[in-house]
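After this come two complexes, each holding chain A, first together with chain B and then together with chain C.
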Partner chain A sequence: METRSMTLNMGPQHPATHGVLRIQLELEGETVLKAYPIIGYLHTGIEKTAESKHYRKVIPLTDRMDYLAPMSNNLGYCLAMEKLLEIEVPEKAQWARVCLTELTRINSHLVWVGTHALDIGAMSMMLYGFREREKILGIYELVSGQRMMSTYFRIGGLAEDIPPDFDTRVREILDLFPSRYDEYEDLLTNNPIWRNRTIGVAKISPEDALSSGLTGPLLRACGFKHDLRKANPYSSYDKFDFDIPTNDGCDVYARYLVRLEEMRQSLRIIRQALDGMPEGPFVADAPGIVLPPKERVLSEMEALIFHFKIITEGFCPPEGEVYQGIESPKGEIGFYIVSDGSPYPYRMRVRPPSFVHVGALDKMCRGGLLADVIAAIGSIDIVLGEVDR
Partner chain B sequence: MSHSSKLVEQLTAAFPEKVTKIELSPEQDAVLVESIIVRDFFKYLKDNDSMKFDYLSSLSGVDAVEHLEVVYHISSTVNKQKLTVKVKLPTEKPEIDTICDIYRAADWFEREICELYGINIKNHPDLRPLLLPEDWDEGPPMRKGWTGRDFIVKPE
Partner chain C sequence: MIESLERTEARLGDKFGGGILEVSHFRDELTFLIAKESLIDILIFLKEDAELKYIFLTDLTATDWPDREERHEVVYLLYSFESHSYVRIKVRAKEGVKVPTASGIWDVAGWFEREVYDLFGVEFEGHPDMTRILTADGFEGHPLRKDFPLTYEKPQFSHSVDEPPEVVK
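So, the complex of A and B:
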């Protein structure tokens, strides 16, 4: 009897692809022979756009890539620029950044656990995940006035000082969240349906994972204890005490366990950051690069001139190039910036983690069932805004 | 002499005249590699015991107007080393060998620079457009001086 494989088109408007991702699947019965992801539906040319923006005007663009982790993207870009400009960021700003990027990590993981569980059929998780995320968006609004596209970090520090009730508001989260994580675990960790849908699904071998460039929770779920916060500390991460969770499962369930533990570790880091929050300025003293405070702009001639020049002409970093990778919630997000000494980036390249992860989707899905493709997509935690840029 | 500059020395010694040291910043090791030996070079980086560069973090294209550059940021999780590798290509008919069988991560990165910079990747298994539409006919958009529909050119 002659058999033929079937081609099935999944997406781009499929609710479980987390955005506009299209996957061409070659199937034999229900078994996936080949998965070919097609991306680019959200391609907005952010790298090209950045080449015609002043350096400080690039920051809002970075928010719009991974819109679930705006602060991490801001941090990556700002750190790269600070390296290029050789600016020392004040300690307070560094600690506030750590605190906020860890909140961002929780934010991103909460959306992930909600949507991923929803895809697999545990519908209530979606509501719980988004309930907790609301608290974090409240913090974003408190510090920056924006709930999603916060653009709170600046080259040299923060846009404004952290507000007085920041500490109490974040501590509310610290007190509330551990019990909420326990709830998620009650719902999922030992749930037989959840375990059946995730254990042994979408496996990738540790060698393939490293060669495919997987980073973040995906790599750690393959047993690699690799985390840029430890391997290559930035923004004072070396002063914080935390563990890197790993798991040897290499499957969807292992990724779930790693991310859940990461959320707990993030709370640990945030608590340390709040307890030890240093006093001092929130932005570096770098005239001509950092905007002077508003009250000085209104009273001093020199400050007014600097303000005017930064806004209208931008600033010119020295010629050179820099690559800075940071551990975003999804993996390594890298910023490669080439400067030709003009106020515009000559080249701004983003190394997005999700882009690389989607590239490895085929490897994970081959030989699995069609329904497991959904679990695989959920487990790599993609944001298409970042994949396509 | 720091440990890291030994790395560059070893590489320039292993590929004389084909690999040269370049200065980017004091803490960043960087080499310029001739495009004809790219594959041998990366195989050496991956397999040599003192190298063990197992993780390609990023692969970028840069249009330096008089030539094109392909920049590899690569690191070793075993030896905790990092290296920046640059390859210069001519603006007319730029071509480079694929390394996607050595580092799988290079697969999509190479497709990306192929469509955005018009760099032909030799022996790549699948060079269909990744980010751009299939019927794109306005040339590689990341090249300097490229103008397309609705593109607002940077103010002088």
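So, the complex of A and C:
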């Protein structure tokens, strides 16, 4: 009898692809022979747009790539610019940034665990994940006035000082979340259905993981103890005490365990950041680059001139190129900025973790079952806005 | 960090003195501009050398310099888990000249190279699947080239099918 493989088109409008991802699957029965991701449905040309904007006006664009981790994207871009401009960021701003990016990590992982579990069939998990996320969005709103596209970080520090009740509001989260994480573990970690759907599924060997450029939780779930926060510390991360969770499972379950532990470690970092929050300015003293405070603009001629010049002309960094990678919730997000000495970036390249991870999908799905493709997509935690930019 | 970069520079200079056209240091970052012919050898050396171990390809992208004779500049960023340092390798190519593919060294390179091909129009020799990746089917041109104009559609206030939106350059 003649047997043929079948080509199945999954997406782009498929609820389990987390956006507009399309995958061409070659199937033999229910076994996947090949998975070919087709991306670009959300391509908005962010890198091209950035070339026509002043350096400080690029920050809001970075939020819009990965709407689950706006603060991490802001931080990566601001750090790259601070490297290029040689600006020293005040300690208070650095610690507040650490605090907020770790909240962002929890935010991103909460949505991940919720939607991923929903894809596999655990509906209630999604409701819990979004319930906790609401608290973090409340913090975003508190500091920036926005719940999702916060754009709170600036080149040189923060947009505004952290509000007085920031400390108490974040501490509420610190007290509440550990027990909530326990709830998730009760629901999933030892749940036989969850274990059957995840253990041994979408495996990728450590060698393949390196060759495919995996970073972040995916790499750590292959047993590599690599985290840019420890390896190349930025923004004072070397002053915080935390562990890097790893797992040798290389499968969906290992990625789940790594991310869950990361959420606990993030709480540890946030607690240290709150306890030791230094006093002082929230933005660097860099005339011509950082906007002067509003009250000075309204009362001093010099501040008014600086304000006017920054808004209308921008500023000109020295010629050169820098790369800054940070550990975003999804992996290494890097900003490569080429300056030609004009107020516009000559080239602003984003090294997006999700884009790279989609490329490894084929390796994870080959030889597995069709239903496991869903688990694989969920486990790599992609945001299509960042894949396509 | 700086020490490991000095070591990289010395070792690479010893081994491939002729293939290196330019070395630059900027903000503690090390960049080599190398000849296209020795690209693959250098990448393999950096990856497999027991001392350097730049085994991870973090990024592969390009920049466009239309005023230069060789307008394409392909940029490779390598990372070492041992010394926790990055090294940047650049090659230049004229329009229409192919750059050798690195997809045989890292799988992810093939994925990045498709993006560079799509957005810059640089072709990679020996790439197994040199197709567009981000832009739509039937798209013409390469958007990240400097001579590709930024355009937008004028907002339309009628719903007439016969009047398509006007594209402004």
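In this text, the second predicted complex is superposed on the first by the 389 of 389 C-alpha atoms of A that agree within 3 Å, B and C clash if a C-alpha of one lies under 4 Å from a C-alpha of the other, contacts with A are read in each partner's own complex, and residues count from 1 in each chain.
One rule holds for everything that comes next: contacts are C-beta pairs under 8 Å (C-beta built on N, C-alpha and C of every residue); 3 or more make two chains touch, one makes a residue touch a chain.
Model, not experiment: these values are computed from the prediction.
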On chain A, do chain B and chain C fit together or clash when superposed?
-> clash
Please work out whether A:D63 is in contact with chain B alone, chain C alone, both, or neither, and reply first, second, both or neither.
-> neither
Check whether A:D372 is in contact with chain B, with chain C, with both or with neither, and answer first, second, both or neither.
-> neither
Using the superposition on chain A described above, determine whether A:D381 touches chain B (first), chain C (second), both, or neither.
-> neither
Contacts of A:E47 with chain B and chain C, given as first, second, both or neither = both
Applying the touch criterion given at the start, work out whether A:V338 contacts chain B, chain C, both or neither, answering first, second, both or neither.
-> both
So, does A:V322 touch the first partner chain B, the second partner chain C, both, or neither?
-> both
What part of chain A is shared between its chain B contacts and its chain C contacts?
-> 39-40, 43, 45, 47-48, 52, 208, 210-213, 224, 226, 231, 320-323, 325, 332, 334, 336, 338, 346-347, 349, 351, 355-356, 359-360, 363, 388-389
Interface residues, chain C side, partner chain A - complex = 26-27, 29, 31, 55-59, 61, 63-64, 75, 77, 81, 84, 86, 88, 106-108, 111-112, 115, 119, 132-136, 143-144, 148, 150
Which residues of chain A touch chain C in their complex?
-> 39-40, 43, 45, 47-49, 52, 83-84, 86, 208, 210-213, 224, 226, 231-232, 320-323, 325, 332, 334, 336, 338, 346-347, 349, 351, 355-356, 359-360, 363, 388-389
Residue numbers on chain A that touch chain B, as the complex places them = 39-40, 43, 45, 47-48, 51-52, 208, 210-213, 215, 224, 226, 231, 320-323, 325, 332, 334, 336, 338, 344, 346-347, 349, 351, 355-356, 358-360, 363, 388-389
Can you list the chain B residues touching chain A in their complex?
-> 24-25, 28, 54-58, 60, 62-63, 71, 73, 77, 80, 84, 103-105, 107-108, 129-133, 141-142, 152-155
